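Labels A, B, C and D are assigned to the chains in the order they are written; within every chain, residues are numbered from 1.
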Amino acid sequence: MNGTTIHLNGSGPTNGSIVNGSKQYHTDETATVTTQSPKGVNGVGASKVSANGVHASSKRCLWFEEELEEDLRWVFGVSKILHTGVSEFQDIELVESGPFGKVLILDGKLQSAEADEFVYHESIVHPAMLYHSDPKAVFIMGGGEGSTAREALRHESVKKVVMCDIDKEVVDFCREHLSANSEAFRNRRLELVIDDALAELERREDTFDIIVGDLADPVAGGPCYKLYTQSFYETILKPRLSPGGILVTQGGPAGILTHKEVYSSIFNTLRQVFKYVVPYAAHVPSYADSWGWVMASDHPFPTFSPEETDSRISKRIVGDLQFLDGQTMAAIFALNKHVRNSLAHETHVYTEETARFIHGHGTAQKSH
Amino acid sequence: MNGTTIHLNGSGPTNGSIVNGSKQYHTDETATVTTQSPKGVNGVGASKVSANGVHASSKRCLWFEEELEEDLRWVFGVSKILHTGVSEFQDIELVESGPFGKVLILDGKLQSAEADEFVYHESIVHPAMLYHSDPKAVFIMGGGEGSTAREALRHESVKKVVMCDIDKEVVDFCREHLSANSEAFRNRRLELVIDDALAELERREDTFDIIVGDLADPVAGGPCYKLYTQSFYETILKPRLSPGGILVTQGGPAGILTHKEVYSSIFNTLRQVFKYVVPYAAHVPSYADSWGWVMASDHPFPTFSPEETDSRISKRIVGDLQFLDGQTMAAIFALNKHVRNSLAHETHVYTEETARFIHGHGTAQKSH
Amino acid sequence: MNGTTIHLNGSGPTNGSIVNGSKQYHTDETATVTTQSPKGVNGVGASKVSANGVHASSKRCLWFEEELEEDLRWVFGVSKILHTGVSEFQDIELVESGPFGKVLILDGKLQSAEADEFVYHESIVHPAMLYHSDPKAVFIMGGGEGSTAREALRHESVKKVVMCDIDKEVVDFCREHLSANSEAFRNRRLELVIDDALAELERREDTFDIIVGDLADPVAGGPCYKLYTQSFYETILKPRLSPGGILVTQGGPAGILTHKEVYSSIFNTLRQVFKYVVPYAAHVPSYADSWGWVMASDHPFPTFSPEETDSRISKRIVGDLQFLDGQTMAAIFALNKHVRNSLAHETHVYTEETARFIHGHGTAQKSH
Amino acid sequence: MNGTTIHLNGSGPTNGSIVNGSKQYHTDETATVTTQSPKGVNGVGASKVSANGVHASSKRCLWFEEELEEDLRWVFGVSKILHTGVSEFQDIELVESGPFGKVLILDGKLQSAEADEFVYHESIVHPAMLYHSDPKAVFIMGGGEGSTAREALRHESVKKVVMCDIDKEVVDFCREHLSANSEAFRNRRLELVIDDALAELERREDTFDIIVGDLADPVAGGPCYKLYTQSFYETILKPRLSPGGILVTQGGPAGILTHKEVYSSIFNTLRQVFKYVVPYAAHVPSYADSWGWVMASDHPFPTFSPEETDSRISKRIVGDLQFLDGQTMAAIFALNKHVRNSLAHETHVYTEETARFIHGHGTAQKSH
């Protein structure tokens, strides 16, 4: 005898049968495998939960923890790590979370959660596109996850969406693993560029009806903050807007307690550059905060009734929106008194010298 | 010599001086106390931080953790426990938190935070009172913290605010320790009743223009859920509303992911009892969620422009509001499409037999 | 053109080259892929850390948390989930931890850590085997991880090691993924049985010089506690010991504060059944506690000097031990006064009616 | 009527009675206070737990977290903050913990826990004193908590214990709040000096039979590391040892995974200065690790049997020890093979230039 003898002592038909070919059993093993059902456990192969009455809920033991502030943590249970990757810029993880379904994590920060990403992505894309009379060309700075492109591509008027993200690995990772966006990644109208959005905009000569800033928050040490400065907006971005074109950018946390971290400054910086600037915000549960966006244009924004907004949505957008409609859009544009006052009185302007940073990890995150 | 000799070896004027009278030094000690400045530490009695360069920031070591869901935790640093108490119903703690200032905790659940309690309390009180033509009498179910009464008392039309909380210790604790409410607790128009609100309403014969449900969420095992049932609203509460009277109640979490826990049911239950029912919601940062309220009346709610709301606020309310104004009120009444759809399709009605519960601690919380 | 255009705007040789064959790029894409090094980032393909100076250490975001007691948690960072599995009995995870290297987790409880598993496994195996005059046949109850078998197989006198674990998936998982044990799993002297150890011992007719109880702690609801009862030891296990045979079992936490949970009872139970019973303990860092074992026999244990122990080790055991030698063995057998007193005064005996349980997850864990 | 009316609607004898004089009720209030027992709650003033069946166990919400390593946390529930203080050097907290009873915390690091402080303090004091032929004079560097002095004062031979701690506030705090040490603090043989131990030893001209280093671990930025250097031991400490005198110092974590942080270096440094150096260690549960100490002398340590140790203990020490006896002392002196090997091969020597630091908070902790 020249190997481990493996008995799975079983009564019944499997008793004494020989199992081989299983990859972990080496050929020099005389694998006598028989199976014995443990007493009181009715059937091998039954799922773990049903096999023993006691295992109603196994104890959560893996937790994702995001440090929102130095002394504020957002912690949720993780039941499975689905995929992991590393890029030149950041760690990439897709995990199955308890409360938020699949969650994309970049460098330890929750980026997007299956359960509520529609709030963020409908909000960053549709208002600007609905306010535009006929958006044909869209440029997305960042957005490597693909969800922003997905929403833009739902507009029938759109001929071209250029998505420019610096991180090829994030883009590849999301293309492969985020099934909700796989159709968008294959869409013929999508042009995908792997580059620094600033360099790409500087290089291009075409213009866009809508430019979307789906970038990481300005974080100390990260290159992203350059894409929030007055000079960038004036000298690089604005020349790439078509007449009547609209810029919309994410603006970081916009809650009662957090809107002064960067949001009010981003708003105020845009106010220096554009004639018409519209801040808006919505609560995104998985971010544990309200989130802010800002639209800006040198063309006045039209005034719609909620009904007109609903009508534009049904005419222009393929499929149903989950979060936005006319009434919701009116609501997210109506910031509360407290935040509105702060924005009105903000004097800080983002320049390369005066950047203001959010609490974060000091890394170059390129997609929000 | 009959005691410990205490030397604080010091150079200079304190050398050899005798310190006594300090309460911890017993009289039988020959306390020869001299002080020696440690090398490199310039000055005794200097504050800890300035005394040694290294102590820039001491490590946070105490954390408050609230389990929002079984697998979702909201965790913040606590720098100081200010006051603690125990009542017949719950543990009471007032702590100094890092991100939210002073925080009131009842049975391990954050009730109210200095930094943003104005969002919750302005929202629960002012909309109903502003929609009412002339609110004179207000009844608060729960509200032991005092903040709801404080807001109601800001209305000049109000002659009487009855606040009925079951937990005397919470009321006493908040009266003593929450300085923001101390004036309200002394206000002559406040009538404070320590009792079960249900029993109190059943017993009373007067009626109210506004009844506010500032109660704990319906939690399994807690008595509070009885104050959310259809029969309570119909047979006990409604008879206590004056003609044109309005009920407003807190409704639990109303976020994209949480509004079906209890909020949609509370809304739907009220819809069975009242002709006009208005749900509204706002993000309360320290709750890590959007929060919901519902107004209900058999009298139609008037339609105001934001300007008219602002005008009523300035005419009726003493002092400035921080969160609410006409625009904010329009915004919080405009629920997003996702939540609005859920509410429209909710069929569950709270009865004593069909109560639906929020994730919680199974305890009798009486004040939110 | 019928697909996404992918530009990676690059200078140099890759400029304009076409990449295809990558599984995520579909054949209908005109993949014009060029790469542009982002400004300030010197070289594509460089590792993430070196590419941007700021990414010195990415923030830990995944944590493993074990609840040792209701109010005591042991929490460590996890950098990678290496493998996961589910068996009929438990969840199985192999993770890369920060402080302990690779860690095997069964149902949320840390079982074994690369960094210090040698402490536990040398301690459970070698003392009994060294005290025995000539151990030839070894039976391991549980031990599915394979480390206990590995240590037993290092004894040159051993002809046969029977390892009987109820959980085939755990055994297969460890055989495949724990490289330190792969040789042991292939060893011809190992006989592997998948069954309840109690049933297997009842069924067998051969006897053993050493029987090792490498089982899960007695946990409420788990079947394992039956393998700690007086009647099991007397009527099922003892008949399977050869003359001079020794039983050794793990005994749960044996720290100053935890030894009364189950350890003192296991010791006292064995004292009812065997003439000679020897408790011993050692601190296992990854368990955050001292751990206890008990040896028992009807044959007196010989008295060795540390030098004699060292001599036996070098004569009998292949390779070097990391933790145990003569001096260490003397030390772990010398329990401290506090624990020794508790053990001396323990009166509880494990029977099926009086089982005492450790704080745990209420699940059937079969391998420690 | 000029104040809040307070009704506690009650049936029975308290109904209608007037309560006044309570400090929070102002004299201008017509405090009509009546009490109504809530339905189903039998009796006001009953304890919280018994009053309502549901409150069996309130959810733990306050946690103490110590970061042992960057990715290893020791977390326990805190039920009460008993006392807090701030000194020139550190934050001071005494909390009631779930698993460890009262716990003293200095600058976020657990210093001493009621449940197991006897392990640390018996171990740091008694071995050296028992090995000495007749210890009369003891000098404690640090030890502000008072427990080390308490143990030393239990030796009947001792005429004088000088305890020299830099932090007067810690000493005062512990004197006032640690009842276990209050008798020691009042003991006439205790001489308490508030100073840097290094300066004090430099200044003194008397010598000691035993010098105890009950100092904080060497932490980057803290002044304590100077009390672990070769030159300190040689030029300042050694001259203060009487002939036959023994130094014993705490040596930081001594676990399988942690003994190389500072313990092996402290041992090796002492080996450069003293002829006879004895390392020993024991698991201290509340530290989540084994802890190390080192005895050093130029006089050889005698060899005792455990019985002789027991005999010395009973002759010399007042009262019973909880942890140490002859057998325990033999065990803690027998380090395991792994740690012993590391110590034997350690080459690092502490000097002011080559200090090695433990993971910590960068603050000046003076008492362990």
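Everything that follows uses one rule, which is that a residue touches a chain if its C-beta (ideal position, glycine included) is under 8 Å from a C-beta of that chain, and two chains touch if they have at least 3 such contacts.
Since this is a predicted model, take the numbers as computed values, not measurements.
**Q** In the chain contact graph, what is the shortest path length, in steps, from chain A to chain D?
**A** Tracing touching chains, the least step count from chain A to chain D comes to 2.
**Q** List the centre-to-centre spacing of chain A and chain C in whole Å, with centres computed as mean CA coordinates.
**A** 39
**Q** When the C-alpha atoms of chain A and chain B are each averaged to a single point, how far apart are the two points in Å?
**A** So the centroids are 33 Å from each other.
**Q** Please list all residues of chain B that touch 2 or more other chains.
**A** Counting only residues that touch two or more other chains, chain B contributes 60, 63.
**Q** Just spell out which pairs of chains touch, all of them.
**A** A-B, A-C, B-D, C-D
**Q** Where on chain B does chain D make contact in their complex?
**A** My answer: residues 1-9, 22, 24, 26, 29, 33, 35-36, 38-41, 44-48, 51-52, 54-55, 58-67, 78, 80-81, 84, 86-91, 93, 105, 107-109, 166, 168, 172, 175-176, 185-188, 190-196, 199-200, 203, 221-223, 361-364.
**Q** Which of the residues in chain A end up touching chain B in this complex?
**A** Those in contact with chain B are residues 60, 63, 69-77, 97-100, 115-116, 119, 255-258, 282-286, 288-290, 321-325, 327-328, 330-332, 334-338, 340.
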